[in-house]
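Each of the next two complexes has chain A plus one more chain, namely chain B in the first and chain C in the second.
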Partner chain A sequence: MTIDASFPPGAVPRKRRQTAAKWETGIGHALMIFVSLLCVFPIYWMIVTSLRSESEIFSTSLWPNAADLENYRYALSAVPMVRMLVNTFIISIAVTVLQILTGILAGYAFSRWKFRGSAFIYGAVALTWLVPLQVVMIPNYLLVARLGMIDTLGALILPHFASAFAILLLVQAMRSFPTEVIEAARMDGAGHAEILWQVVVPNLRGTIASLAILVFISTWNEYFWPLLLSRSPENSVVQIGLQMFITAEGTQWGPLMAASTMASLPILLIYLLLQRQVIASFMKSGLR
Partner chain B sequence: MTELPLPTQGKMATPRPISPRQRLYRRLRPYIYLFPAVACFVIWIYEPLLQAFWLSFQQWNLLPTSPKTWVGLDNYSNIFELPKFWQALRNTFWYLVGLLPLAVLLPLAIAIFTQDLPPRSRNLYRALIFVPMIIPPVVAAAVWRWLLDPNSGIINLGFQWLGFEPIGFLSDPAIALWTITFITGWKLIGFATLILSAANASIDGSLIEASRLDGATRWEIIRDIRLPLLSPTILLLVLMVALLGAQWSFAYIHVLTEGGPLGSTTNIYYLLWQFGFGSLSVGWSSASAVILFVGFGLLAMALFALKARFTFYDD
Partner chain C sequence: MKTPILAAAVALAATAVSAQNMPEEVTEPVTITFYNYNLSSAGNGADATKKMIAEFEEANPNIKVEGVPVSAQNLVTRVQADIVAGQSVDLSQMVFSSLDFAAQNLGAQALEDIVPAEEMAEHFEGMVPNGLALGKLDGKTYGLAYTFSTPVLFYNADIFREAGLDPENPPKTWAEIKEMGLQIKEKTGKLPLATGIFGPSALDWLMQGVIRSNGGAVINDDRTQMTFAEPEAVEAIEMLRDLAKNGVMQNLDLTSQMDTMAAGNVAMYLQTSALQGFLVNSAEGNFELRASTMPSFGDKPVRPNNSGSALVIHSTDPVKQRAAWELMKFLTSKHGYTIITSEIGYLPLRLDIVDDPEYLGNWVKEHPLVQPNLDQLSVLEPWVPMPGPNYLQIQVSMMDALEEATFGNNDDVQGILSAAQEQAQNLIP
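And then the complex of A and B:
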């Protein structure tokens, strides 16, 4: 290392720099391969286990010897899995559509008009994320009970009618929407409803699509509300169904892994097809 | 300039008279557009928040038929005397501390280390490390339960093969909390890495090149240029982890340990759940909800103040 001192700064021989760079990329790859394995192996192991027959469930070979669908058959018959998957699907679609609709309306109001209390309402919307679900769970539970909606799908949809995240994202997108376009539409005599649905919304397709992906995924994965509000398996979601394979007497690993695979399949499919959009929409979101 | 009437501008062009009814509609229009969203927040968040506050002064067991009794501040003083509460608070703190290396430091190191990888392999790594983020939390819990099983989980089988005793990842009170923290962090690595990589990639390359020509070593560049410029993003991540980290672990706690063994994995969010739906003591649950909400709010304010003060921007 002392030799370095004899070179003027910045004049390190090219070859040396290259080998150093090569080493660094090598270490970079090694690190990334390790982290990638750490991230993906558990999911891989879930699928492999789900394809094993009962006799070889404890096998440690990294491949399934033969694809055995017995675990899937069992999981589908032991709990109303199909029903739960359909329920989860209905809820996720409904919540996605509702949040986007309420978000578009609110976003337009905030970005287009000046009105009394606008800053206050905006602040109140943004601050909702400061309220943890666990803090409001008992009053919410009581409200659902008063409405007679315990153990219904509606109870899982209603509290997610609107989200601060969707609203804030759409406000941002609409504020950066070029005003000239809107003014031009106004000159043509378009009313606000027309401008919103025929000019602004079609132009924000990208933002709305990534928002939809995100809301769908997070609703599909939702665990806390269903745990609180649903009772019977027929009116519950797939995330709750998984727990039925973990009992006090022991866990049925094969069926549990099969059910887990089914519960994550739609998400994994979306991810396989729209990987870049999914990542991009999560990045925009800051998580919630 | 501004005083001059501009007759050609859209709104002014046709000053047709509007009826009072139309005028009223125009004034109410923003509120009509906002109504669905605001109603949702009032019904499901703000009103319940007030109700939780009110319930925190009552004694009640959640049964509609049994009476509510006003007990004043008793719930609060009882909670503060409860060792379980302090244990949960301590655990919450350790969850947050334990999450920082996984959700901030490791991703930071990865982001800095891998900035020069060829785009093709970088995209592949990106896609892979992001998978845990999108997986349902219950699935993540189930899968880790299987991997960590003391008898037949592959990780403990590996330990045994190496000649070690199997580890009770979820049954040993000294370890269980860190296991849950690890799973919570595992889900976040990919996300945090991407956020930091994006911030790192947006640093002006000429700054780096200039300091390199001035003889700065790689480490000096990281310390004096990259880290300061990444600081807003780092603080944002720390903020998110500090505010939401303990909440994210709820599903793992519920599926994997139910707060045990010996309360070692119970954090404050899980304690609320236990009070409310385990022992049906609405008053206690609501009182700890109020304590949590106030504490959470103070923490958030402190962190935002810190963020405003210490971040350093490129412009």
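And then the complex of A and C:
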């Protein structure tokens, strides 16, 4: 057996390893680029379709022959899109604030006190998460009707005043909050309100921000409850507006894509501006 | 179910009291609600409906119409929920397949019970008897045909030419559909036939017409016995299965079929004439769109039935009934049907306006595609609603079985349909 002294042992394998690692990284990147393109393409196609004329709507070319904003003009005139976008924004913000508020209060109560029946109530709250919206839609509708709130934005917010998801997430976060800090605050003479708002909540900013993003997105995308409640387009939300372009006499693809583009802009903005936070919120709470 | 049944019972009881008590005219201001699915979408349907309501309100200053937009799929649920919630449901645009449920559970009023007979006869004068029969159940008119259409065979004349076929001679029978379909498939590679027969939102209207055209029916005349496993129905499904097996037709989603036709990639498309406007717009500058009547089974007569909706009065208040009846008369008048046909694309219930230049005369000349649709009016038969509170379950289980028998791997069409028929029969009250 001879050894080639000019070629130090181990050098070849290391180089090979580096080459292999480069290849692996390259393949990994190529795969990720491919998957990213797959994810982005529907959004691109939506925007491109929204710029096509009616006779070109089924064209498979990647770019419209003559891009124009006619579909946007029509979508804005046929359906009160701006009003619907404002309504959806108001409702999403209101539901987000309310769910976080009720979630914080309930979370603090469940995590700080062991009162009689607390485990049962906590279990009952958790179980409501398993009840599909469709089951409670009609009873909720009757309640809203008896309150005289049909065709109001309030009725779209009311059933979402509190949610099991927000409560469970905040209870878990508060239970893992160090009790020493709370005890220290108590020693300093702080009451429960002070402890909650000045000690606990500022330290849970990350969790609360994640929750806010998730609640906002799911409220923005909600369809069934507004569908049942909607009595006039002016008091409805943008998801109902989109459905208005799908008719028994054919789908108006151009205006539908224009309206969809407008409807997805706020969510796309959230993703662009709060990218890290959005990913963290999905990681923390599990994909919804 | 208890509460809706209670509500319906209350409504029916009130009907008995209010029968024939409708005042001759509305003298005080009154507001009626009109649950309408055209209003729930953007475009021609909503625009024409708003226009008609505005014209009606102008002509009847004491009556205000509050249009409630609800999609066709959710109309029954919404009417039911609103009746229970104590909301005023006065007039609705009810899909024909829900008519029995509306009569039994949603307080639908038979016109014979609330409208003076001579007034009814006067308004019905000039209406197509076949069209009037569409809204009748057990001899009474629960719904007055409003926006309705027939199945039309749209076809792409360019694909016909490309396949070496004559677009002047479209197929008249299912056998010709197969023959031409195979030629189209071989020569052009395009999809020969798309239909609106199958799919979750297709309901059973077109299927009823196909089976009926072979001398069968999905349910018997008094709606007590399911009959979609009878020999004529089985034969019709075996014909569809043969088309599917030969690649003339594919089991595509309903919207995909519509869009593939609109994109110019389907040669023939059997679907509601209500899509005419959409297809004309899509074809413009892309391909030549033509239309023919529904295909027959050999020499047997074609027996198409309608799709679409009827106007149904739910109100038990005599004044609101009068207001609703006045609106109903306006919408189904010569003027109303001129708007419905020319601006939305549905059939006129009054044939005398078709040639009248004051109404549809000029429009029909300018839109020859509507002719096959008009030709089928004289042979139109009702889309029969399934009976009882489980009507949707019956419809869905039947359509699932018919789809499986057409496109599934099992060649035993008779076996599949017999088993499904037995199951559906158990759901009939």
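Note that in this section the second predicted complex is superposed on the first by the 238 of 288 C-alpha atoms of A that agree within 3 Å, B and C clash if a C-alpha of one lies under 4 Å from a C-alpha of the other, contacts with A are read in each partner's own complex, and residues count from 1 in each chain.
FYI, a residue touches a chain if its C-beta (ideal position, glycine included) is under 8 Å from a C-beta of that chain, and two chains touch if they have at least 3 such contacts.
In this text, all values refer to a predicted model and were calculated from it rather than measured experimentally.
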item	value
Overlay on chain A: chain C relative to chain B, clash or fit	clash
Which of chain B and chain C A:Ile91 touches, first, second, both or neither	neither
Touching partner for A:Phe58 - first (chain B), second (chain C), both, neither	both
First (chain B), second (chain C), both or neither touched by A:Ala78	second
Which superposed partner A:Leu153 touches (first chain B, second chain C, both, neither)	neither
Chain B versus chain C as contact partner of A:Pro233, first or second or both or neither	second
Contacts of A:Ala145 with chain B and chain C, given as first, second, both or neither	both
First, second, both or neither for A:Thr247, with chain B first and chain C second	second
Greater chain A contact set [chain C / chain B]	B
First (chain B), second (chain C), both or neither touched by A:Met257	first
Stretch of chain B penetrating chain C in the combined three-chain arrangement, among 38-46, 146-154, 182-190 or 290-298	146-154
Chain C-contacting residues of chain A that also contact chain B	57-58, 138, 142, 145, 227-228, 243, 245-246, 251, 253
Chain C partner contacts - residues on chain A that touch it in the complex	54-55, 57-58, 75, 78-79, 138, 141-142, 145-146, 150, 227-228, 230-233, 243-253, 255
In the complex with chain A, residue positions of chain C that touch it	37, 40-46, 68-69, 71-72, 74, 77-78, 81-82, 84-87, 255, 258-259, 262-264, 274-275, 277-279, 281-282, 284-286, 344-345
For the chain B and chain A complex, residues of the former touching the latter	10-11, 13, 27, 29-31, 33-34, 36-41, 43-49, 51-52, 55, 62, 64, 106, 109-110, 113-114, 116-117, 121, 125-140, 142-147, 149, 152, 154, 157, 186, 189-191, 193-195, 198, 212-215, 236, 240, 244, 247, 250-251, 254-255, 269, 272-273, 276-277, 282, 285-286, 289-290, 292-293, 296-297, 300
Chain B contact footprint on chain A (complex, rising order)	9-10, 21, 24-25, 27-29, 31-33, 35-36, 38-40, 42-43, 45-46, 49, 57-58, 60, 101-103, 105-106, 108-110, 113, 115, 118, 121, 124-125, 128, 130-140, 142-143, 145, 158-159, 161-162, 164, 167, 183, 186-187, 192, 217, 220-221, 223-224, 227-228, 239, 242-243, 245-246, 251, 253, 256-257, 260, 263-264, 267-268, 271, 275, 278-279, 282-283, 286-288
